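Take a look at the structures below.
Across the two complexes that follow, subunit A remains constant while its partner is subunit B and subsequently subunit C.
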Partner chain A sequence: MKTSSVSPNAKYLATQMALTEYLKTQFGTGRKIELDNFEEVIVWAKDPADAKRCVKDFMTDKNIQMDFLSDLTAYDNKDGEDGDKRFVLVYQLFSRTFHTRIRLKCLLDENESALTIVDLFAGANWLEREVYDMFGIDFKGHPNLRRIMMDERFTGHPLRKEYPMKQREPFKDNIRLHLGANEDK
Partner chain B sequence: MGKDGSSFFFTTMLEETAKWAQKNSLWPMTFGTSCCGIEMMSTISSTYDLARFGAEVVRFSPRQADLLIVAGTITTKMAPVLRTIYDQMLEPKWVIAMGACSSSGGIFDTYSVLQGIDEIMPVDVYVPGCPPIPEGLIHAILHLQKQIDKSLERKPAEKPTFEDSQNAMSYRKSVDGVKANFIITPEYVNEQKNLRGEK
Partner chain C sequence: MENQQQDLYNPNVLINIGPNHPATHGTLRVMCRINGEVIEDANCEIGYLHRAIEKLGEEKTYHQWMVYTDRLNYCSALNNNITYAMTVENLMKISPTDRCMYIRVVCMELSRIIDHIVCIAANALDLGAMTVFFLLIHWREEAYTMIESMCGMRLTTTYARIGGMSYDLPDGFAQRLKKFCDEIPKAIDEIEGLLTGNRIWIDRTKNVGVITKEDCAQFSVTGPCARASGIDMDLRRDRPYYIYPELDFDVVVGSGGDVYDRYLVRMEEMRQSVRILKQCNEKMPNGPLWVDDKRVLIPNKLDVYTKMEVLIHHFKIFMEGIDVPKGEAYTCTEGPNGEVGFYIVSRGGPKAWRIRVKSPSFTHFQVFEKTIKGGKIPDAIAHLGSVNIIAGELDR
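Up next, the complex of A and B:
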């Protein structure tokens, strides 16, 4: 078995820390940049528009090339641990060239709507629908923003903290399979 | 032939023969939605070999099957689909609820999971386990054969109303007057403990 003096983990950490330094110099103005327990970088965008700008910049920047959207999700910040706004939107980005990761976070109010990134990553379509379904976050410019997991007649957003965990809504029948907005409604 | 000329002997024999045929050729329609489905596949394939008990012809069409094995978690969105499949099966038909999830909802006491398929259809045999071992499913099928043989009383295949299906949820039954906003509170836990006589 081939052995190397630098372990893969140390190599990964080195690239990840170089990325952090680069982000601090290039994208650090006005944005909070911090590290988590695994030395992976978290960038806090200023607002939803800034979050989209960040995603686009990270994607097009030749030095980092974040060309893969691993995940797009959100969490309820009701206890106010991460800021004074209600929700936190999380973008997990990965570079297939450098094998580095960025976690981009953005604070959102309950009535505030995020900007869609479907025009940048087509795979964000269903992820944004899931976030809309579970948290009720509106994505401006999304081509087909409707519930993806729960029934379309379902009321409420189950992953919000105030939603009663056991509140079920059974329906007698299913909505006909359809693409786009539901005309029967 | 009876003394009065009625043919009870023949009809009894016919019923017995029909029962014998039905119990020894149960054609299962499999509805595996999670890990119980894997155990069900194992039961049907060669190691456990359900063919020994006459239930090897797995039909993936409800029109040709007479035993519905529901193996896995049924979400509230999947429930109407399952009910449609049950309605499409021809009489006589039987239902086995395999595993904790299809029997009672299992560990998924949440906003999206049906708390047991008996909310939407009558069930003949429940198989406990998470998932049950293949022997468990074989035992259930042997038990069902006994039920068919003895012509035990079965619940009629009626579709419960919307209110019925809502009231069938165990937690709603236990708390009167609380309809949609039931949350477990420390007071509620203490109350339940007092009711059970725990301290």
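Up next, the complex of A and C:
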């Protein structure tokens, strides 16, 4: 038996490619659109405000209907490979109708804040808190932006590249639990 | 606080559940404000099992990090193993061999059965049905014994490798799998007989912990929980990977979104998994297990000890790691709990620049915080068991 050269999900590349073409014509002005190693489309938003606009437009556009936020994360761009700004914010969007994916990216400076999308996807609440916790990225308009994984007294943001791997910061006692998800920070 | 102790009829009594509580099955903490017995407000605190797995991903080579994927969802470690291997393979544009794909699908479906068994058994145990627990856990043991025969480990398997699997199937595996597939539906029928029409079970689970369709869309709920709420979504069918397009199975969709529907969906999914396992067992192809790609191929042990070049190759793969090209990929599969995804950004070299784990439990616990409001404390326990929060993948 020979080794299959094409992965069986290759036929889904066709719909994904059609999406890329559509994005290039409809949303391509001023935004960089590229493909990743798995032929999925990456859209680079111009700035944080544009990123939020994109999420909203992708959601409401009848031809793509990106109505599902799979994931929201960030990564450190300290080596400047992806641009001159410090962080890259990543939105993984999925369409439940067409089963296509868009990865929306946005460059952010260290002191620049992103716009929250909690008003569009309520599930972004904890995801944005995690990004804040791990990278120290501020989300403007977030209802409850505080640390989620780490203790509230913790210093530094662990997933930044300069944070040492072996650094420890133990606390003897448990934290007081805040009640009410929408409490101010 | 002093006021609350004085006033027995205070509508603002705080109840802390967890992080060490037998019914939370992990280090989950929920703070509830109760009025009488009704939860009026709730807040979840997570991070008690945070082990910085994503940070470790930047320090370890791609193969070294494989063992950490077992510790994400430890009820279905194989799913995480395989999804991670798949992501790295996508990054390197490698497609595994047919036999490898079949073995991986068998693994994923076996661990799906295990995960559903754990979820239903623990949920029933929390609600007092101990018989169900013992009956089901027996089948989990059977499945684990089968996994042990495949890779030598039970809970934390580390079975997948980039480009193949660490071992081929053992002798007589097909017969064992056939026996398992023939016998487990009877056990599932028995459990159905014990629970599905049971008055106590229905009273405790129907209309309890309802996650509406809108909540699912808003909070990105995936997997059996979303399907129980009526969202027809399954990555095995919608964005098929490996051999799923060739297999015949049904996507189970519920309607109510309550604990009872989630239980029914999980029961039926186990039957569908058995169906998939049977088909895989019949179609299992012979042929090579490993891709013929020098970049990832782990050489045969006998050759390593006898041939110089192969020894060097082996040394380089394990001491330096495999060289993954620049780029990024996000790959997700339908895990037992929902969408399990890995997002890897590579800057070239043997270590990842960033590994992100998208875990279903994270979003499920967030919606839990919202949906327990208005219910009672025993309902919260039933709800928590049915959404199957695994602290390992919640906190990572």
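Here is the rule we go by: the second predicted complex is superposed on the first by the 170 of 185 C-alpha atoms of A that agree within 3 Å, B and C clash if a C-alpha of one lies under 4 Å from a C-alpha of the other, contacts with A are read in each partner's own complex, and residues count from 1 in each chain.
What we mean here is this: contacts are C-beta pairs under 8 Å (C-beta built on N, C-alpha and C of every residue); 3 or more make two chains touch, one makes a residue touch a chain.
No experiment lies behind these values; they were computed from the predicted model shown.
Undergrad: Could you tell me if A:Met150 is touching subunit B, subunit C, both of them or neither one (first, second, both, neither)?
TA: both
Undergrad: A:Pro158 in the overlay: touching subunit B, subunit C, both, or neither? Say first, second, both or neither.
TA: A:Pro158 contacts both subunit B and subunit C.
Undergrad: Check the residue A:Asp36 against both partner chains and state whether it touches subunit B (first), subunit C (second), both, or neither.
TA: In the superposed model, A:Asp36 contacts subunit C only, not subunit B.
Undergrad: For subunit A, which side has the bigger count of touched residues, subunit B or subunit C?
TA: C
Undergrad: By the touch definition at the top of the document, which applies to A:Glu169: first (subunit B), second (subunit C), both, or neither?
TA: first
Undergrad: Once the two structures are fitted together, what part of subunit A is touched by subunit B and by subunit C alike?
TA: Comparing the two interfaces on subunit A, one with subunit B and one with subunit C, the shared residues are 149-151, 158, 163, 165.
Undergrad: Which residues, counting only subunit B, touch subunit A once they are in their complex?
TA: Interface residues on subunit B, with respect to subunit A: 76-77, 79-81, 109-115, 119, 162, 165-166, 169, 171, 180-183.
Undergrad: Could you please specify the touching residues of subunit C with respect to subunit A in the complex?
TA: 14, 16, 29, 31, 33, 41, 43, 45-47, 50, 52, 54-56, 58-59, 90-93, 95, 97-99, 217-221, 231, 233, 238-246, 285-288, 291-292, 325, 327-332, 339, 341, 343, 345, 347, 353-354, 356, 358, 362-363, 366-367, 369-370, 395-396
Undergrad: Which stretch or stretches of subunit A touch subunit B in the complex?
TA: Residue positions touching the partner: 149-151, 158, 163-174.
Undergrad: For subunit A, which residues count as touching subunit C in their complex?
TA: Residue list for subunit A touching subunit C: 1-9, 11-12, 36-38, 40, 42, 67-71, 73, 75-76, 79, 81, 90, 92, 96, 99, 101, 103, 121-123, 125-127, 134, 148-151, 158-159, 161, 163, 165, 175, 177-181.
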